[in-house]
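Before we start, here is the structure in question, set down as structure tokens.
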Amino acid sequence: MADLYETALGASTPDTITLLGQDLARDVMGNVGFGELAFWLATQRLPTTGETRLFEAVLAALADHGFTPTAIVTRLTYLSAPDSVQGALAAGLLGGGSRFLGVTEDCGRFLHDVVSTVEPPFDWDAIALETLRRQGKARIPGLGHHVHKNGDPRTPRLFQIAEEEGLVGPHLSLFAAIGRVHPQVLGKTLPLNGAGTCGAALADLGLPLELLRGFALLARTAGLIGQLAEELRNPVANQIFLSVDSNTRSVAPLEE
Amino acid sequence: MADLYETALGASTPDTITLLGQDLARDVMGNVGFGELAFWLATQRLPTTGETRLFEAVLAALADHGFTPTAIVTRLTYLSAPDSVQGALAAGLLGGGSRFLGVTEDCGRFLHDVVSTVEPPFDWDAIALETLRRQGKARIPGLGHHVHKNGDPRTPRLFQIAEEEGLVGPHLSLFAAIGRVHPQVLGKTLPLNGAGTCGAALADLGLPLELLRGFALLARTAGLIGQLAEELRNPVANQIFLSVDSNTRSVAPLEE
Amino acid sequence: MADLYETALGASTPDTITLLGQDLARDVMGNVGFGELAFWLATQRLPTTGETRLFEAVLAALADHGFTPTAIVTRLTYLSAPDSVQGALAAGLLGGGSRFLGVTEDCGRFLHDVVSTVEPPFDWDAIALETLRRQGKARIPGLGHHVHKNGDPRTPRLFQIAEEEGLVGPHLSLFAAIGRVHPQVLGKTLPLNGAGTCGAALADLGLPLELLRGFALLARTAGLIGQLAEELRNPVANQIFLSVDSNTRSVAPLEE
Amino acid sequence: MADLYETALGASTPDTITLLGQDLARDVMGNVGFGELAFWLATQRLPTTGETRLFEAVLAALADHGFTPTAIVTRLTYLSAPDSVQGALAAGLLGGGSRFLGVTEDCGRFLHDVVSTVEPPFDWDAIALETLRRQGKARIPGLGHHVHKNGDPRTPRLFQIAEEEGLVGPHLSLFAAIGRVHPQVLGKTLPLNGAGTCGAALADLGLPLELLRGFALLARTAGLIGQLAEELRNPVANQIFLSVDSNTRSVAPLEE
């Protein structure tokens, strides 16, 4: 007896192509935006207009931050292997791990671990206080930013859009409360960073927690294509390589 | 004197974040869709509504085709290394090369090589005939489909959207002409496939030819996140692995 | 003032190339084996003959296990993108994460966490008993194998080579003790698996714990090249893809 | 009827593990060096001692060249995603494409295209002259080096080892002849570079031409592990990132 691999995603017959149970050509192409489609593919439900707006705001917030390590990596890989655009993009995405892109996922999971254990009516400030006290000296994901020390401009904007669309759920609520009460516990005031707020928003949108990092990577794919397009017009990768090369000093190995 | 690396993409100061010369939080987030933003990042110009619609139709056409090799690769990699979503997505994208995702780029480039050498007024059928004759027995990128032998449903839909938006340019025009005249040269009728039509449409949208494969990869990133989300809900990767494993026969090496 | 990036690895002048402080052409090429060189690069000290033998035995133990997910991934990626050998190898390596290749690293780290807290004279059986009791119901890395239930043939061979070369250090000693005493704690007898023993041996060789997974990946790179060479002579990737494709069933999405 | 996937590589039963038709634990581990094993996996025949020596000399020649783009990429990716050693190594390998690591493969293929069309007795100088004349203004793979303008030290060493081992075959012979006669055709003297000589040597060793780049990548994997080990001891990746970041100038996009 053969195994059967089930999927509700793309499927083809000689005369038809379906995607998510829709006729791809007639119902999806020309009618569904790309952010909407990405949400739909991940959840298998069509988002509302408001959900799409908040989701696309998150993607915009994460798409590009200039010459980050991932952008440099994509440009250097394209310099070395211009025959493989897929390799340059993949190499850049591989930097999307715990340190530079991971805050979004870490924050979403951290909030969810709390949210999934509390019951209404919610006193978010009290819950936040207890959470912060339990956390002790451990880092709070999403709290603090090494550049935007007085506030990350993306954070209030994401809260504003979520409010306009009626999408402030428990994760954003708890995160806002952490923003209000943490000075009482930590003795200093830190900004809620944008990457963390993105994680809270994605969790409130019901996207799978295991894949929150994936949405940051989707956003970053668009950004990395932008980096490659700019590299084609105004190359800098070789200059970056040469600046490293010319500042290299050969030293003796540990043991000779 | 220090090197200066210029970029018009993301930039930050302690109080502001800009992207493409815009205030990211105020002007981009909440106002710009994700497909629109991806186009903007690649070209550094804001697309029109019609351009965005055609671009997003192309992305929808390429996002997912079920259990393709790239989808299987992403699922198997996630099975092996569930700690690294970025690795699973990158592995899937690495299959986006010459055979399975390359038609889009090959077709766009093939058409552009012709388009860039002809001058108005254009007699596309005559140009197509000459192109096909010069090509001899070499493969025409975008012509033929191993499943949709009577026509790829995405192709007429893309032409329809391009017409509705006034975006049928020289690449789509030449491709359509190839569709009309190739039986005279080849002695048989083949469909214009969807992936090739996507390449023609992306070239008419003015996107960089070197990166046409990149847009297929962007679309596929959304598809692969959908594959991972489905794998989380209804896993099949281990079953695929076991079906290979249980059908393996150990044979003697070439020389023992 | 310029930054200076120091390295003891490769360096060039117009007339010389050095590696690890040696003249590459005269001193390394033709004189140093590849396993020896890999060890030297990682530690910046030349291994003894015995260390090289044990290290290469570990690499042999991990190089290839037939149609594992990583091997299937490399073959499928090469099918999709035959223009990029680097992409096919990279995709396969990306499966080298926590589940399929991670035991080597996990076991090495687990043993090291214990070894670094005890002082001579060592009563390894007592230390192992205490370690296993403290671990409670948590998994012991390196203990058990889903196929080799009566013993992994690589395990006694690695211990034998380490003994022959006088290289049984605290990690292998503790692992052997775990093999002896765990039935008292777990109430059942499990084999010490080969991947875990490799981790213990690599740790005893003084290789950096953060990179134990890297050596498994080096071994696997050789294995994946073997997989690609076999795929070139006797292709199976397309058959694997078709067997998945032909066993696919399209189902309704979660919400329609 | 089930498909059968054949392999002569790794295979397991509950009590045995075989590799290349050998008992892995008894016959391979402890007896076969890692370079020897990599050759064996790729060709399914055990190399002679001389073949192993030449092969390992090639791997040593290609393992590391200091802060190349691939090394920088691996270090930056590890900085961003220290949780995924496999991602850092894979990202570095993805730069192993046409420009930085491709010479080895290009040269091997170029020579083979000629070698496969000539018959004994061979007048290599005459064949080389004809080859160079036919090539016209096209680049000769393996000829010239941007740093080692007076000669790449690896080249004479590889020829010496091949001669000592009786392994100078048609590819190395033709390449040497190109080195002798090219000034007559090109009107200037260029060195035979080491990467190209490696390609000629690998081709003479009978390794598959489609995978010559793969052996460069295997060598580089060892080098990249060395880079990561050095990065752990003496980190520079963040400094490289900051030197780019601090030399960045934000400019207006193409169209505002």
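First chain written, first letter: the chains are A, B, C and D, and each begins at residue 1.
Keep this in mind: a contact is a pair of C-beta atoms (placed from the backbone, for glycine too) under 8 Å apart; a residue touches a chain by one contact, two chains touch by 3 or more.
What you are looking at is a predicted structure, and each value in this text was computed from that prediction instead of being measured.
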- line: By label, the chains that touch chain A as well as chain B are C, D
Message: Are the interface residues of chain B and chain D largely the same numbers on each copy, more than half shared, or largely different?
response: same
Between chain B and chain C, centroid-to-centroid distance (C-alpha), Å: 37
Message: Based only on mean CA positions, could you tell me how far chain A sits from chain C in angstrom?
response: 31
Message: From the mean C-alpha coordinate of chain C to that of chain D, what's the distance rounded to whole Å?
response: 23
Residue numbers of chain C (touch at least two other chains): 3, 5-8, 11, 43-44, 66-67, 81, 83-84, 86-87, 90-91, 94-97, 101, 240, 243-244, 247-248, 250, 254
Query: What does chain A use to touch chain B in their complex?
result: 3, 5-17, 19, 23-26, 28-30, 32-35, 37-38, 41-44, 52-53, 55-57, 59-61, 63-67, 71, 84-87, 89-91, 93-97, 101, 147-154, 156-158, 160-161, 164, 208, 210-211, 213-215, 217-219, 221-223, 225-230, 232, 234, 236, 239-240, 243
Statement: Note: in the complex, chain D contacts chain B through residues 2-8, 11, 18, 20-21, 43-45, 81, 83-84, 86-87, 90, 94, 244, 247-256
Statement: In the complex, chain A touches chain D at residues 66-70, 72-73, 76-77, 79-84, 87-88, 90-91, 94-102, 233, 237, 240-241, 243-245, 247-248, 250, 254
